[in-house]
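Here is the structure we will look at, set down as structure tokens.
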Amino acid sequence: MQNVMDQAALERFIAEEFREVAGLLSVDEVTEQSVTLRLDPDDAHLRPGGTVSGPTMFLLADVAIYLAILAKIGPVALAVTTNAHIDFMRKPQAGVPLLGEASLLKLGRSLAVGQVMIRNPESDAILAHASMTYSIPPTR
Amino acid sequence: MQNVMDQAALERFIAEEFREVAGLLSVDEVTEQSVTLRLDPDDAHLRPGGTVSGPTMFLLADVAIYLAILAKIGPVALAVTTNAHIDFMRKPQAGVPLLGEASLLKLGRSLAVGQVMIRNPESDAILAHASMTYSIPPTR
Amino acid sequence: MQNVMDQAALERFIAEEFREVAGLLSVDEVTEQSVTLRLDPDDAHLRPGGTVSGPTMFLLADVAIYLAILAKIGPVALAVTTNAHIDFMRKPQAGVPLLGEASLLKLGRSLAVGQVMIRNPESDAILAHASMTYSIPPTR
Amino acid sequence: MQNVMDQAALERFIAEEFREVAGLLSVDEVTEQSVTLRLDPDDAHLRPGGTVSGPTMFLLADVAIYLAILAKIGPVALAVTTNAHIDFMRKPQAGVPLLGEASLLKLGRSLAVGQVMIRNPESDAILAHASMTYSIPPTR
């Protein structure tokens, strides 16, 4: 299935609709299969020892899957997360960005399901894996 | 099971160990069955329309369950969330604090499981429900 | 919110629509807040040591929440589980029935969310806790 | 990481330890990355319309991830599922086997995390996706 929003369009969407986290997040790569979102943590997102906090990884996962949906259906600002599951498997390295690679498992009329793998750049180790469901408003 | 940390001790723990979110969060009530944590959202935690974002509710749930564990076992700064599930059921009211009431479903030697109900004050409607598992380091 | 199906009506629904598991399951109690379903395990549902298997507890949770929805909206045979989370906390006693007490966290037009606590009779220890989301077909 | 149990060894393990479901399940393929388990549903696992029930897909997911762990660490009959999340995305075709392809996201000393994709043979559509955590007893 083709994308209807490319990397630049997704970047603009973050800048406009997620203003409060726009400085943290940038779109790293967009393909037909996935959207990879990058998070550059600042001090507010760290835990003792310099690792990134769980809620910050949740934020990365949530926005990454959201963008993977928008890439297919366009800028639907009102899609909402209905539930989320996240497994935290390894501590992120201190002072290193995170990459969240999101792909869709289902894109239905009213529900979409996506998953995301979170890694540090230049590492294969999966730090966290999340799956989330979004409700898509009927107006599209 | 009796508590080993009371409201004041949990407040101090947040101030010292969760410095980056300490201004957002305050301990509302501590009983033998539950710890209720309050989140006063600022502009950084809002979504268009004034509702609190999903990742902010995740943060409230994560810290509330963490404190419910610490109330029983004392200040173990290194307990980590191993996985989390959250259902988002209703949008929070705009400009209103959130209360997360956390209770433990299991407190084992190495794993603890807790759940949290998130509400607005003076409302019975459950906005979100989360269950999370924490790994407790062996040294305690 | 009042019930539109009582214990006898839910029992009949199981007998007709869940024929393949009807012998295992019986409705123990129905209140306005919850439906409690009982599972009497036979040898096919046991693991070594006589405890009930995880998938069997999942079955109990799934049907209990389903019935808690039907108690409110009537016999909608086509509601489907869209996702489920279950925490297994303690091993069930061998050779003892299980009770699953299900309550609804949300009953919307198209999505319902419920949770269930699984216990042995005459024990307070929670063996497993599940939360599940159901999609309700638009025709009701 | 190399396997310590191959397809034949995993088949024998099912026959001995999961006797009650052994007739339903067979090991379809074992690689270093994944274990694929096949479920041939009989009438007891169907819902009206001939689709396989949710609890039956949960059973397939649970055993598939369990075998993916055993393939790496050997026959540890006492590993237990501590929690599980499953998204049901599409209805299985009636009268058709299911394949569950399980891979590990983490294999730690005391916890292992795996995921599974459930499909019908000769189809790319993912019917369900699950992630599960297992506690591994310390004696190995």
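As written, the chain order gives the labels A, B, C and D, with residue 1 at the start of each chain.
To be clear about the criterion, a residue touches a chain if its C-beta (ideal position, glycine included) is under 8 Å from a C-beta of that chain, and two chains touch if they have at least 3 such contacts.
Bear in mind the structure is a predicted one, so any value in this text is a computation, not a measurement.
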item	value
Pair in C-D, B-D or B-C that repeats A-C, with over half of contact pairs matching by residue number	B-D
Higher-contact pair (C-beta pairs counted), A-B versus A-D	A-B
Computed distance of Cα centres, chain D from chain B, in Å	34
Chain A-chain B separation of Cα centroids, rounded to whole Å	23
For chain A paired with chain D, centre-to-centre distance based on mean C-alpha positions, whole Å	28
Numbers and ranges of chain C residues touching at least 2 other chains	82-83, 85, 87, 113, 133
Contacting residues of chain D [partner chain A, same complex]	85, 87, 89-90, 105-106, 113, 115, 126, 129, 131, 133
Chain A-touching residues of chain C, taken from the complex the two chains share	82-83, 85, 110-111, 113, 133, 135
In the complex with chain B, residue positions of chain A that touch it	17, 20, 43-46, 48, 53-56, 58-59, 62, 77, 80-88, 91
